Structures are given as structure tokens and as C-alpha cells.
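Dropping a structure here in C-alpha cells format, bear with me for questions.
The chains carry the letters A, B, C and D, assigned in the order they are written, with residues numbered from 1 in each.
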């Protein structure tokens, strides 16, 4: 029910608005005795942070986390972990002039319809700033998963209509090459073209979309819960809850609809005493449960709504008007890039939860 | 947590295996005083039922529902509604010879890994038979939504690589034309080509995939709950939990990733005193909340795993083997068709729940 | 949210009205590979069943359960277990004449206020008949707990103002002596006096209350989840949800309020290499978590509302009237007796759930 | 599941340890457009705060709350409200010498058994300090309930073996007289005797228990959800989750077990066009649903475990030892007094939640 919480056993609750005093997350259900250090969480936040990267929003977010509870002598205690991130660089005066306009593609109209009130400063609760909390919580989930040798990486496979096509399927290589690209794209050639595209969008005051792929390595078979808590359903739920996401695929995805069963059915074989499949159109999940093969999926992001170009709209009173992002506003030419660490974090949260839920499958 | 339940306030719990005595669903949280008749539920089941249609599985499922509780003098009482559907035509002996094979693309291997035991008869709990319960519950959700003039239709827009391209965006026309097609495809020309393709698959003992679109009409603005219960996230969760689904899109979907913000941002206008948008790339949802525009999305289905063609695999002991569906087994050349009423039902369940949750948004 | 479900991981959902076709329960989250036989569930139902016992309601409830799903080759499969109990002996015509009266102490008025509709036949959903489903589910929970040598017994310690005072604190003796008493009271002397009291109430057409105690043996330390899921809070939640319950105690209970800390603090000692306490005022739980000592608590039941004696009331239209149970109605002089196996079942469900939740406490 | 959260729609999540940096609470699901001011929350905290009162712990807790999110221009926005309370006066060095002892009646042993790690400083997460967060959240729930004229008061009715016997049943008088007593006891004569008792316990370094009663006025009929979410079950769950609580009663409670049905059944009458009952043994709830009569119940608290008197125990290694609270430790001679505002807060949270859940009972 609680719409600001995610997870069953490994559960997070986030709070905070873009231009309020702070944002934060409470992680409940993380098992005891896991070593956690603030620096590990901050390293994860750094990857998401804008201002580091010429291709994302110029907002400076130092985004350093303060651990307020749940850690004792460097380890989790089984009690809730409260993380606080103070907001800085949050001058909201520039949003005043447009506060009475319905912003095309933006949260303000639906929020006003729902609640009758909207903290319009920087998008308030609907700001992508909230995703910093997901990344912080995800860092802890990833630390937990490392205890079971489960690794996750996510990366850009498309920006606008440019597709990454040449990249490794070995997790270590993928992780390395992703971090080498300023766009988190493991295909260096595609990266070049994408940079050009983003530069163009930036100069035009426009924005472009993108696709983020995730890859889960060494996930044991048997995770995920039929019927309504299927692993792919949980992943879709987690990722379609990200700002600006418009599509989700697991394994063959939409392309799988054009295949025949005789192509799509992955044959089982034994490789070095482990059960594997010859192909992996399933994407590592069958009937909602992991098969032991890599889990691979994708999320489509639309172009961000906040652009400099003028757009026809109306005021809250229904009069015609023109909306354009105020001078000096942050403008993010491609939000998909910043979504990369967020996708990774959400996938980690889903998998950590599935791992704990699976402890009750048998006697 | 409970993986056989779906929904927050309007909540269903399903149970039952393909070849057990019966399947059923308990609907908890349906408001009191809604008129419900068994015949309405049976009519919905009829649309999903195989055996009616030369293009789907030959299994005969009379699928008539028995209401066991929750209705008094023709109306809901606020107490749980229990629906029972007896299984007939469920000879399971034919599955005996293949019970020790890992079936490519099928649930048996991951279930065995998870639980150490699997009711292999007809796919057991993992059978698409479970979706009859979703359809029965969805019929009640749709009845509830009718009280608020909210209508839902779903239909085939792709089978194999054949796409439906010409169809109405008016709900009444869409509903009518969908029901006129034996494949639930509102484009008659495409229907012809799709039929030919399915006939071909059938004769080859193979299967093909497809895409189902859903369309929600007259949904008021303000439904859906940020941050983790966004309306599109709930829809994705519901629909990626369907057997054989591999992808989900809302509005522009994956195509939206190739668009620019200046294209994608739907402009607000006033039409006949109502706030509308000039385009609807958002698909009727922004920031997780409905905008009052039609909600449009899609689900991709892979080809069914159960085919007559031989496929390389291994036994549970790890020895090489050949799997093919036993002679006389049901073979469904395109499960996407049977998924059409199931998609509609799940969408209805999500919307009914969102409507009730929204009652607590304001004082 | 769903008010007809109970439990987090080991979860039940019940449905059905007293005079409908059937009642039933779906058990979701029971681990796979547990041997279950219908006869075990029926044996548990037999203990609760009225008509066996001259001191409870004369309603004949054969109460034989049909397992509809979730068991394969005699074992649980991890999928939901659906249990069905058909209603028989459910002539409801006798309730017609009083259907427009507000029954003192009965569910009809509050249900009408809440839902605007009430299935008045035999109390509808509010009937204690629903507790048969709890007992059936509890039988499975107890079977699961037996795998961990955890045993539960409940018994009468008070009827009207007569208290049981001499009984064993050894689980085996308690179980044996409880079953030897027609009132489930392990103190034979008190049983005699209680029988006389019940006979008197019966002849006067009146009813009396009682107290049921529960005793959990061999519960390992560490079960229960702080802060809001404390083990005693879960037990109170489970047991205050029983029809007619008005009070709950754990350990010292209300008497503990009159004690001093120096008396109440149970000292730790080592006995045969196990950590024990010298006294057990805590009742086996401290700070919401089990200590390894026996868990002991009590539930107070009011006298049943359905009596033959006339009582002043009003009609639904607000006019003065006299209510008395119609001739030939079932009349239960002491519902506390029939509550004994229900208390045991609910305690088993709470403990099974706590045991599974505890699997996620540590890495 | 998440054991640090409470509520279905109006939901709180608390975090923080006694001697950590801070404690806090996130309130999710509070309807939008409710006016909230920090000073209102601080006023509620002030009542719970120790150090104000010679009869409770000398710990100084300024306990001033900082609102970090969810309020915009003085009103709730429907987004989560994050409240932070910094810890001061939290020198934990005095706990060092006893950290390896199993403290009789205290949380440390069961926490160690469960998690294998325990933040022993001041009781860590198990400290009653956590209840400050409940009070802060409860202040917001009470503000919400005021919109519907629902009022709640709680007060001491027993300390050690001294009972309050003469007090009003009018809410305004009760509220006034409760606040006039330093022990929150509305009976001035009993207050005198209780003060003497507490002074004695204090001088002996011992502690005593007590009973807190709550009274809900003007609660409309129809709130509460059968079968497992009965209003009294939710109240019991909320209140048996408080530190040191050992018993719960609604209406007649344990005394009701000694009554006959002909006494206990409250007769309906019409008073000034409203349906009332002549007596109120039900305590304002029948079959889990409110009747419109005042809801009255009680919670029993044991004496606090932290006393100066020596007590036999063992070390974590199992060796015999003596435990006594270190010199200079805070010692609370009667925690029941400090529990009064906490009971009120938890009752408010339960009622606010029930009010919102009830919005979905009918079409």
C-alpha cells in the first residue's frame, strides 16, 4: 500500500523533495552482521551524481550520505538503517514564474489533480532527485549480494536512435568498459556517436531518450516467486517505477514476439557439471523463477520533459500559455545516462529481496 | 509477500493446479452493494476459453464458475467472494513419459530447483490455466469500474511479424471490431494474414508469439500512487506476471527512446471544458498518475514452449535427451490470443485498486 | 490491508458465510515437501466441532475438509493449499423473523452501518463458523512446527468465575489432561464445577464467558520481530481477532502491573548447558523476541450474545422491540470451550510465520 | 513484514537507537491538505518527555522535532512526512561495564540470540526512546482525526496495586483532569497515593507497573475491518507492541469472562435520534467494528527492568554474575506514566488508518 516503500523483506522507504531540507531512505530488513561503510554508499552516489559529467544536468549535488541508525561498530544490527542526504544548491526562486502553468510531460498537473497541492520547487517529490535514495539503498543491497557472489551491472545500449552493438557478455569486462565511457556505454564507437547527439540536443535546448540494459551474473536458480511475484514482474515493477521509464523487456523482449517456439525454447545442456542453456532467449527467468543463466533485461527512457524549447500549454486556470524552462534552470539533455546506476540499484533491491524470500521455499 | 495474491485494497488470491480438482480465486476488498451474477463472470470466461477457437489449444474447458461466498441477494456484501472452477478434461497420464526431462522454455526445471518437488501434470500451478481465475476476478473489477464509466479493452496488435495497423481509437469501435475477429485483432486485413501464419505454425507443430495492446477509456485524472506504486509500474507488475510475457510498454514505449523532448512532451489544451493533450505519447500517465487521457500500453508474449517439434535437452539426472510434447497433448500455436482477455482482466484489477487507493489521497 | 488474510510469509485467507454453500481457506507460503493428509486436518476440526459435546452448540457440523490444491503425492509443493468445507445443517429460515432487529451484542448492527447490507443468516460472515478455517490451517502450521519440535497446547483456565488452579506445566501432561476434560480444562476438580455452571446457564437460556490459556513448548530463542511485529503483539493481534475475545495477556499480564521490578525481572541461569530463567514472569518473550522459555498467555472470552432470554432493543427503523433467539436456534452456553482449538490454531499460525521470518535475520 | 512499520494506509516507519545520532519517523499515507506545524508535534512530545517530571526518568530529552519533508506552505502534500529528532544527553560509556551480562527482563539476550549483535548503548533500538517517534506521528494522526471530531484521551488507572476509581466519563473533563495530574491520573485521591508509592520505589531503587486506559470519543459506527483486521485486534496489536506491555483489554475485558450473556449484551436504544446502547460492556466495538459508543480499553505495563537493586544473572559466556544498573544510569520508577501519551498516539494511528480503510467499504 504505502507508495513510498519498496520490497517485501529487504524493504526501503524513501522521503524528501528536490528542494526541501533533505532526502532520505530507511532500509528495513537488511540482515544483521553485514559490514557497511559510508564511503561505499558515497561511491555509488558519485556515479549517479550530476555535475560530474558534461552530458548530464549541471546541478551540483555533493550527495554525501549520513548514516543515522542501524550500524553498530561498522556492521548492520538487523534494525532499520536510516540514511540522510542533505539538499544543497537548491535555489527554487526560478520556478516561481512558471508555477501556474501545466508543464507538458511533467508531474505538476497530475499531482495537482490528485492532491490539490504541489510542491512545485524543482519538481518536488516527483524530481529524479529521489533516485539518489534508491542508489544509496542499492549500494547496501549490492554489498549483501556480494556475500553470495551475485553481481549486477547496467549500461546504456541506446541513446536517441544510436544503438550500442559491440560489447562483451562477460560481467567483468562489461563493468570495466561501462565505467570507461562517460555515458556508461560499453561500446566505445557508439559512445562517440552518442556524445555528438547529446551535444546537439544540448545546443538546441532539447532532450533525447535512451535504453538501459541490466545484467545479473551468478544468480542461483530458484529465485523469484510465482504467481504474482515472478522475478520478471518484480523487476518490471521496480524499473517502470523509475521517472521517465516507458518500457521494459526481459530476455528476448518484444523481439521474442516475432520468433517461433522452436527458436525461442532454450535447450538445456550440462557444462562443467552445471545445468546451462545453449541460448538464453528466456533472459535467465522461466515462469517467474531464475534458471541460473544470466538475467538480462532492458528499460526504455523517454526524453526528459524539462527543455528550453517553447511549448504550447495552458495555465491552471485553463488559459493558453507558452511553457519553456526558466533561464538558468538545470537542463538534462539525456536522463537515461543518469538512470544507469539507478537501474542497477533497483535490480539489486529486487534480487536481495528475492534471495531472502526464497529462504522460506522449503522446510 | 504472498506470491499468489495481487492488489492492495481490491485484492485477489488464486490457487489451483492445471490437473488438480479445481482452481479458484478469493476476491477480498470489493466494495459492498455491487450487483454480481454468475452469468457475467461466465461470459468473461467464455472469451478466454480454449476449444472455442480453431486457433488456440483444443483443451475443452467448460469453465463455469460457482460463487461460494460474498454475494447475498445478488449483491456483494463487503466480505470475500470465493469463486470455484472445477477442472475437467484433465487426463494427466500423457505427461508421465516426459516427467523426468527438463522441458526447454518450461516451468519444470526452475520449480524443481526452487521447491524440490513439481506437480508436472499439465504444468501444475505454472499452467496458463491459472489465468482463468484472473479473468473471473477481472469480470467483477470491470463491473465495479462500470459504475464510474471506466472501460477497458485489449486486443492483438501483432502475431509473429504481422502487425495490425489500421484500427479505431474509439473504445466502442475497438471493442466491437475486436470481438468480430477470431483472433481478437481489430484490423480485419491483418487478421487474415495472422490466421494464415497460425495455420502454418499449427501444421508445423510450432508456435508463434504476439503483442497485446490495452486501452483504458474515461479514466479520471489523479489515479496511481507515486513513488513505487506508480500506475504504469502496477500495470507492468500485473502484466509481466502473465505466463509467457517478455515485454511491457506504456504510451510511446521503446519507440519513445528515439524521440526528442520537443516531440514527446504532450501539449495541454482545453477541449469542451476538459483538459486534454494534443498528442498522447505519455500514454495517459505522467509521473505515475493518470492524466485523464486514454491509457494505452502493450505486452509482448513469446511463443508458447509446448511444441511438437523435437528439442535437445537433458534429463533430471543430467543425461542428454530429446523433448517433444507427447502425442495427444494440447498444443497452442499462439498463446497471445488467449492472453487478450487476461490482459483486460489484470488491467481492470489494477485500475479498481488504484481507484480505491485514491480515496485516501485527500482529507 | 486485506482483512480476510492473516500472516506475512505463512499466510492464510479465509472466506465463507455460516449459511452459504461452503467456507474455506487458502494457505499461501507453506514450505514445500511437508507431508499433509486430509485426516490430520479433519482430526483437528473434530476437536472444535460442535454437536460432539453436550456443553456446546447443538449444530451438527460434519466439517470434513476437501484439499483442492497445493498437495502432490502427499506433500506440499510450495503452491497455495486450498481447503474447502461444505456447509450442511444450515436452515436459515428461523432467522427471518428477527432480521430487522438490532441484536444486542451481535454483529448485525455494525455490519449494516459499515456495508449497508448484511447476510443475517446465522450471523453470515461474522459467525464463529469461520474459525473452522483457522483450525484447518492451524493443523498444517502445527505439522510444520513439529519438524522443529515446537508444540502448542491451549486449555480452559476459567469459566464464569470458576478458575482452574491445579494443572501441570509439562506439555505432555497438559495435552493429555486437557483432552480428558469435556471442557478442555486440565484441572478435573474445576471441570466438575464448570460443568455444573454450564448446565445452569443452559437451563436458564443464558450464557457464560471464560478464559483460554496457551502454552508454547520448545520455542527456540530469537523468534519475533521488533518493533511493531513483536511476538506478543502478533499473538495479541491474532487472538483479539477471535469472535467474543475481550482481553489478552502474556506472561504476568495484568497481575504484572502490581509487581515490582525486583520481583518481575527473571534471573538468567544455566541449566544443563541451556540458558533458562529462574522464574518466567516474562512469559517467554522479552522485547518482542522469544527467550527460549515456554511462551504462556491468556485470552478472555465474553459470554456469547445469542441467548434465549428476552432483551430490550430496537428495530432497524428505530422502534422499540424485544429480541430473543428464535425457538430452535442453536444456543451455545459457553463459546470459550469451542475457542480452545481455535486459540491453538492461531498461535500455531503466528509461530510458523515468526519462524520463517526469522530466516532473514542474519546473513 | 517490515517490522519497523505500522499501519495499512496511514503508515509509519520508525528508525533509530537510543544512543545513536538521531531517531526519526516517516509518515506515509497522510492525506493532503492537512495543516501541520512543528510546534504541535513538539507539544505532544513534551508530554512524553522525561526530565519534566520527578516521577519519571531524569534523562533530559529536549525532543524537538525537525520536519524534513512532506509539508509545503504549512500543509501536507500527500508525500511522505519525515520527522527527525536528534539525540542529546546520550553518554553511553556507563553501559560498558555491563555489556557482557544478560540483563534480567531486558532486550539484550533475545536480541543477541536473534541477530548475533546488539547495540547495547542505552538499550539501542529496544529503548523506549523509540516511542518518541510514535508520539510525533500520533500528533499528526490526531490532527487528522480532529477534522472528523474524533478525540482520544489516555490516562493512568492503576499504579502498583493502587487503582483510580473516581473519574469522569466525559472526554473534556477526562482530558482536563488527566493533564492536571503529574502522573496523568484523572483521580486526584489516587494520584496522591500513587505518588507516595513511586517515591518509595525510587528510594529503594526498584520499579513498579501500572495500567493505562484509553477512551475514544465520537468515533462513528462502521470502522474496523473483519475478520483479521478487527478494530480491537488492531488496537491490541498496536498496544502490545509497546515496550513493557503485558496485557490488553477492550470493554469488559477479563472481567467480562465472569459475566452472563444477559448482563453483557448491551441493549440498543434511541437517544436524541442517535442509536446508543444502555450499557457499554462491548467497549464500543462489536465483531471488530465500531458501534458509535465510546471505545474504551486498557493496557497493562510491567515494572521497568532497569533497577538499581542487584539481581542474579549470567554473563554471555554463561558464568554467574550480578547485574545492577550502573551508577548514574537513568532509572525510571514507573514507565507506565511515560506510556500514557504513547498509548494515545498508537490509538490515534489505528483509528486514522481504520477511517481511511473504511472509505473503500462501499461503492
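Following the convention adopted for this analysis, contacts are C-beta pairs under 8 Å (C-beta built on N, C-alpha and C of every residue); 3 or more make two chains touch, one makes a residue touch a chain.
From a predicted model like this one, the values you see are computed outputs, not experimental measurements.
So using the touch definition from the top, which pair is joined by more C-beta contacts, C-D or B-C?
Comparing C-D with B-C, the pair joined by more C-beta contacts is C-D.
So, comparing C-alpha centroids, which chain is the farthest one from subunit C?
A
Report, in whole Å, the distance between the mean C-alpha point of subunit B and the mean C-alpha point of subunit D.
46
Provide the C-alpha centroid distance between subunit B and subunit C, rounded to the nearest whole angstrom.
Taking the mean C-alpha position of each chain, the two centres sit 39 Å apart.
Report, in whole Å, the distance between the mean C-alpha point of subunit C and the mean C-alpha point of subunit D.
So the centre of subunit C lies 26 Å away from the centre of subunit D.
Can you tell me which residues of subunit D touch two or more of the remaining chains?
Residues 1, 3-5, 8-9, 14, 29, 32-33, 78-79, 111, 114-116, 125, 226, 357, 361-362 of subunit D touch two or more partner chains.
Subunit C touches which residues of subunit A in the complex?
Within the complex, subunit A touches subunit C at residues 1, 9-10, 29, 31-34, 78-79, 144, 147, 226, 356-357, 359-363.
Which residues, counting only subunit A, touch subunit B once they are in their complex?
1, 3-6, 8-9, 14, 102, 104-107, 109-111, 113-116, 125-126, 130, 158, 160-161, 201, 206-211, 221-230, 232-241, 243, 245-254, 256-270, 275, 277-278, 281-283, 285-292, 300-307, 309, 311-314, 318, 320, 336, 357-358, 361-362
Would you mind writing out the residues of subunit B in touch with subunit C in their complex?
Residues 1-5, 7-9, 11, 13-17, 20-24, 26, 28-29, 32-33, 66, 68-70, 72-73, 75, 77-82, 84, 111, 114-119, 124-125 of subunit B touch subunit C in their complex.
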